[in-house]
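Quick heads-up: structures coming right below.
You will see two complexes here that share chain A, one where it goes with chain B and one where it goes with chain C.
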Partner chain A sequence: MGWTQKILRVNLTDGSVKSEPLNREWAHDYLGQRGLATRYFVAEVDPGVDALGPDNKMIMATGPLTGTMASTGGRYSVICKSPLTGAIACSNSGGFLGAEMKNAGWDMIIFEGRSPTPVYLYVENDRAELRPADDLWGKSVWETDELLHKKHQDPQLRVATVGRAAEAGCLYSAIINDLHRAAGRSGVGTVMASKNLKAVAIRGTRGVGNIKDPIRFMNVTREQKKVLADNAVTGQGLPTYGTQVLMNVINEIGALPTRNMREVRFEGAGKVSAEAMHEPRHSDGKPNLTTNAGCFGCTIACGRISTIDRGHFSVANKPEYWGNSGGLEYEAAWALGPDTGVDDLDALTYVNFLCNEDGMDPISFGSTVAAAMELFEEGAITTEDTGGIELRFGSAEALVAVTELTARGEGFGKALGLGSRRLCEKYGHPELSMTVKSQEFPAYDPRGIQGMGLTYATSNRGACHLRSYTVSSEVLGIPVKTDPLETDGKPELVIAFQDATAAVDSSGLCIFTTFAWSLENIAPQIDAACEGDWPVERVAEVGARIWQLERDFNMKAGLTGADDTLPGRLLKDAANVGPATGKVAGLDQMLPKYYELRGWTADGQLTDEVRSKFNLPA
Partner chain B sequence: MQKSLHIDPGKCTGCLQCEMACSYENEGLFNPSKSRIKVFTFHEEGRFVPYTCTQCDDAWCMQACPVDAIVLNAVTGSKDIVNDRCVGCKVCTIACPFGTVNYNSTSGKVIKCDLCGGNPQCAEACPTGAITYIDADATGLDRMRQWAGKTDTQRAAA
Partner chain C sequence: MKITLKLYATLSDLLPPEARSNRVEIEVADAVSVNELIARFHVPPPLAHLVLLNGVFVAPAQRGQPGLIQAGDVLAIWPPVAGG
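What follows is the complex of A and B.
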């Protein structure tokens, strides 16, 4: 219970669509969403598979709490092998699509093979079918969403789709649902497009029930919503300022990676911060931020709904961008702003709109532009390569121009679509790529927040803040304050965060609840909904099992301990300003201990002992 | 004291907790498609607006029903569907100027807000106070207070 116990299997090669019962034994070991989909994935896909070949599969999976009244219970994840990293990809999204899938009666949808021609999947409760999408191919996310709503004459249809970036092969393409919510990282959209699958359109009216103990569930979810409301971060900070509340905080502590991580503090941070989004504009007196917004079931509502100044150069003659849409969140604002040296809030908002409009991960995109800007300033690329664009740090005009190209897969945008690692190699400077396992960094400099160095190096999907957000502890003091400049104790901290996060990502809930909640708050909600007993220890063990399973897949896919590293810049060039002055990322002081605590060999391989302890498949 | 639902769209974040609470109370499932209250998103404008039955005093739906299946709840003032009498003719859905009476194809009856018998679950579930259940004779009180606060009496006196 908690699960609908049905999965939809879609074979794109032969066009068949069929219903299967959920493997309940796996659900008991892996809970749902991230964990359960990974269990299916490793059972069905050869780790050596070509990520963009027909033998890769793509799973869209909900958690047992998706579609319920538990706060933030609207999440789904996309699992596949990543074309960017060659590791497992697992990207999580909010919005409304996940809950709609559950309302239609499905725990997950497994896509396999490759369609000979463009198609989309239409699901109306039990009825699911592939339909031609020739007229949708070549269209943006926003156009596709509108066309599907028109075609089905159903305003309540929920749509997830890829844009032109994915069709053009951009390696960090996202799947966008509900116009501006993204399964963003690791190129899951690129995989979707490689299967000639343009969109998934779902209408579910069956409702979500099957709760083990409904009265207890309603009581415990009500109590836990109160915990979120009473917490300073989830009750006030996030609704008011969104994740952008971090911009000035992280800059202050000298951990805001700036100009392709050459520096750790950005002089223009204030101009692109949450506070700036609240400031009335000179032109029309309106602030950038119109309102905050919640995803399905979310009582935090950190989402940003914004407009761009109509007089701004990016949209001056483009009324189609004058309305409201998804605004800047911290990671996107950082990658598009401080990392490229651009401090123009309207330009960043426009570029963020474009990332949603055509389905690109703004973190990887912004970081790749930052690398390209450094290549340009070093003379490794010239205006001949860029088609005349003066791609210098701080140029909002250049940022806007290359975004339009990359989103649409045109000109120099093709090269930017390769991602930072491949771009820097192409132009002979691999050392300028700020990536781990070929995935670009997010917005925390590990010289100033040491735990994040270990987080990035060991993340199962390449550099990522959402695998273990030790910023919580090291900067915000949640659940306990640790010294961000210290490496001692960080292996333990990172493991605790990695395992807890894997569990939360498998439940249907949002990781942002963990500013207020621990597994002590989450386990009782799972326990009231799901078959069996779900004490905290079991939920934590599920998280640890998922981490090991993902690692196991990556090792079988050919990654090694040597991939658990950071770019030389972070290991050798010390921070030159702020509290971290003189510090480099102390990865070598943390990694051996981390391996030991994980029960791995000195070169980072899983042991038989670990496999048997967690009952991992052979 | 008679109470009524009061909606302040400016506070709504579009989270749909109200729709889930409504469907759970009435259908036993979390099912926004069967909710008596609906949240509308005006994407371009960046607005979310919850909308449901206002419980008209002289209710068109009640007048139109040919089988007297819509009755006044004397305690709450709500207009309630009597399921045993409803024949699913849908005339009330046409009569309602606001569209807040709707047909439920699963049951073959119409559904509308009945204020949950005086404890509306949408208001209970709303995390932002966008939906409240307050004195029906004073739904303007908050707005009056806001304007009153802006009145510059000191300047007027001087």
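What follows is the complex of A and C.
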């Protein structure tokens, strides 16, 4: 069946932990992970809930293919209401924790209430219990992981935890599992910490059975692994260069947001690119990149494992950072680098380590620092605010200093922990915040990649590239090449990507498979694993239904069509270099058509017809 | 005329020794086509996947056309890559 058909409900207020059967009707309509957890969430949580109050819930959910032999089948998602955006939060992570949860026999874990004291959840197959975490509170992610492994004397234990940033209330805190894989966006870690839940530690040894047609599943997953291996992107490009190969690509097309999105090209892009990560250092002859790495069951292995030059100022007296750890991926490298004007690869790697060590979303963090740098250069904040830090664009020293503060919730780091929108409002310049629905942008300027403007504006979790990665088509030509400067046809393209992505995010598979796979490759794997028939059309419909359900929650939470917009800088200030010279984001040319195609009203509200078509809950 | 050629990712090794930061300035004939440059630098055709002239995508059908490249242009080429 794919699903274990069991969910674990954890009430943090009274300390109870109980098993419940999975709602199979919902599973058939929403598949798993992102979709199914959202269906549970909207059924159980008032959209007006305080995101950091006890009535918000947090769901960790696997998909039907999580923990199976399907390539990349190791994903899980965290669903809650976001304290950063006020919208639904849904953050997806790889590593090994999701597969471990499934191997322990659970499709999802629902956390509700708030514990009076710090606790962690320990799961060993059917056994699940809350345990005191007073000794873990105040510890970093890396310390917590180590302490839990020592405590349980089990090297196979998989740990997801929050760091000091979340405890301090940083609004874009992540949940980190397996030391450096993150459910990163929208502050899901902040919600977890607000519940006094420090960590989830899981050991699962039951295996994942219950596959509908095991022989067919083995055959189809083997066939599809070959497709990934034979594809030049997933078989060679991603494992060799990782996502960071995009740094020079996006810079070349003039869509690399630079210095808080004031510019669209960064003169130092090459120094912080994938190619630079391969270059031997002068100091020790070793490159920044040590090796690539894969998550559970992954046959792509795009992950980066890196080291920092031991003589670099950031770590010269800190041998604890001399070892290998999770290296720069493109979005993090962009936010910490071009967006802050910093071209120091070692500094960016160190800052990325800190984001993992204390659980911060590096995209939101880097973008917030970029906004703070512009505020500083405009004179809106001074060294009195920053505690003496000259927070100027391009300063690696300043970037390192404010990262250490924010990770620990100290000094000016508390202000940076508010995120870009609240920081810019605090200092009187809301126009300098590069956000949608209060979430910071990722690494593509919509003046040079028009579809991404519509993607950001309509994303159900605020500015995000992973709701609809039209870069794939507009820049990389996957599955077909479209003109990045053209707005015609982009509403259709964005909707196709949004719906397909929602389906993939609900399956347990990684979205990166879609550089080689389409739903034509994915649906047969679901069909072989899950009860019922799962043709491509049904999987696509599930994706569309999920999108509408998330939108419905957001509207009920108080968002409106007016929130489907972009910062004035991107709508009014034209790009001044590269192919997009003279262009602004043409959102007004795309949004009405997008609403029409979605079946929404002219002001972006769902209609009764749409609710009925997708059988959405009242 | 002179143009700038950039080769990235696994194609970096095909650049001449004087190249720096994945780029080299080269002398080319006035009517040179993209495909002629791809052949001159021994880029295997299937690996000339993403071809940008001054940042603008050059479709495969355009790559044999003479006159597309002008003096001072920047031609950048990648093998199949992706990210996100």
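Some points to look at:
Assume the second predicted complex is superposed on the first by the 618 of 618 C-alpha atoms of A that agree within 3 Å, B and C clash if a C-alpha of one lies under 4 Å from a C-alpha of the other, contacts with A are read in each partner's own complex, and residues count from 1 in each chain.
Just so it is clear, contacts are C-beta pairs under 8 Å (C-beta built on N, C-alpha and C of every residue); 3 or more make two chains touch, one makes a residue touch a chain.
Computed from a prediction, not measured in an experiment: that's the story for all the values here.
Contacts of A:L476 after superposition on the shared chain: chain C is touched, whereas chain B is not.
Of the two partner chains placed by superposition, only chain B is touched by A:V208; chain C is not. Touch criterion met: A:T240 reaches chain C, while chain B stays clear of it. Of the two partner chains placed by superposition, only chain C is touched by A:H465; chain B is not. Touch criterion met: A:E275 reaches chain C, while chain B stays clear of it. By the touch criterion defined above, A:P535 lies against neither chain B nor chain C after alignment on the C-alpha atoms of chain A. In the superposition on chain A, contact is made by A:M69 with chain B only, not with chain C.
Across the two superposed structures, the residue set of chain A contacted by chain B and also by chain C is empty.
Interface residues of chain C facing chain A in the complex, by the touch rule stated above, are 6, 8-10, 12, 21-22, 46-47, 49-50, 52, 54-57, 59, 74, 76, 78-84. Across the complex, chain C is touched by residues 231-234, 236-238, 240-246, 248-249, 252-254, 270, 274-275, 329-331, 465-466, 469, 471-472, 475-478, 481, 483-484, 511-512, 515, 578-579 of chain A. Chain A contributes residues 67-69, 71, 96, 99, 103, 156, 179, 204-209, 214, 218, 225, 229, 239, 290-299, 301, 303, 305-307, 323-325 to its touches with chain B in the complex.
On the side of chain B, the complex with chain A involves touching residues 13-17, 20-21, 23-24, 27-34, 43-48, 125, 127-128.
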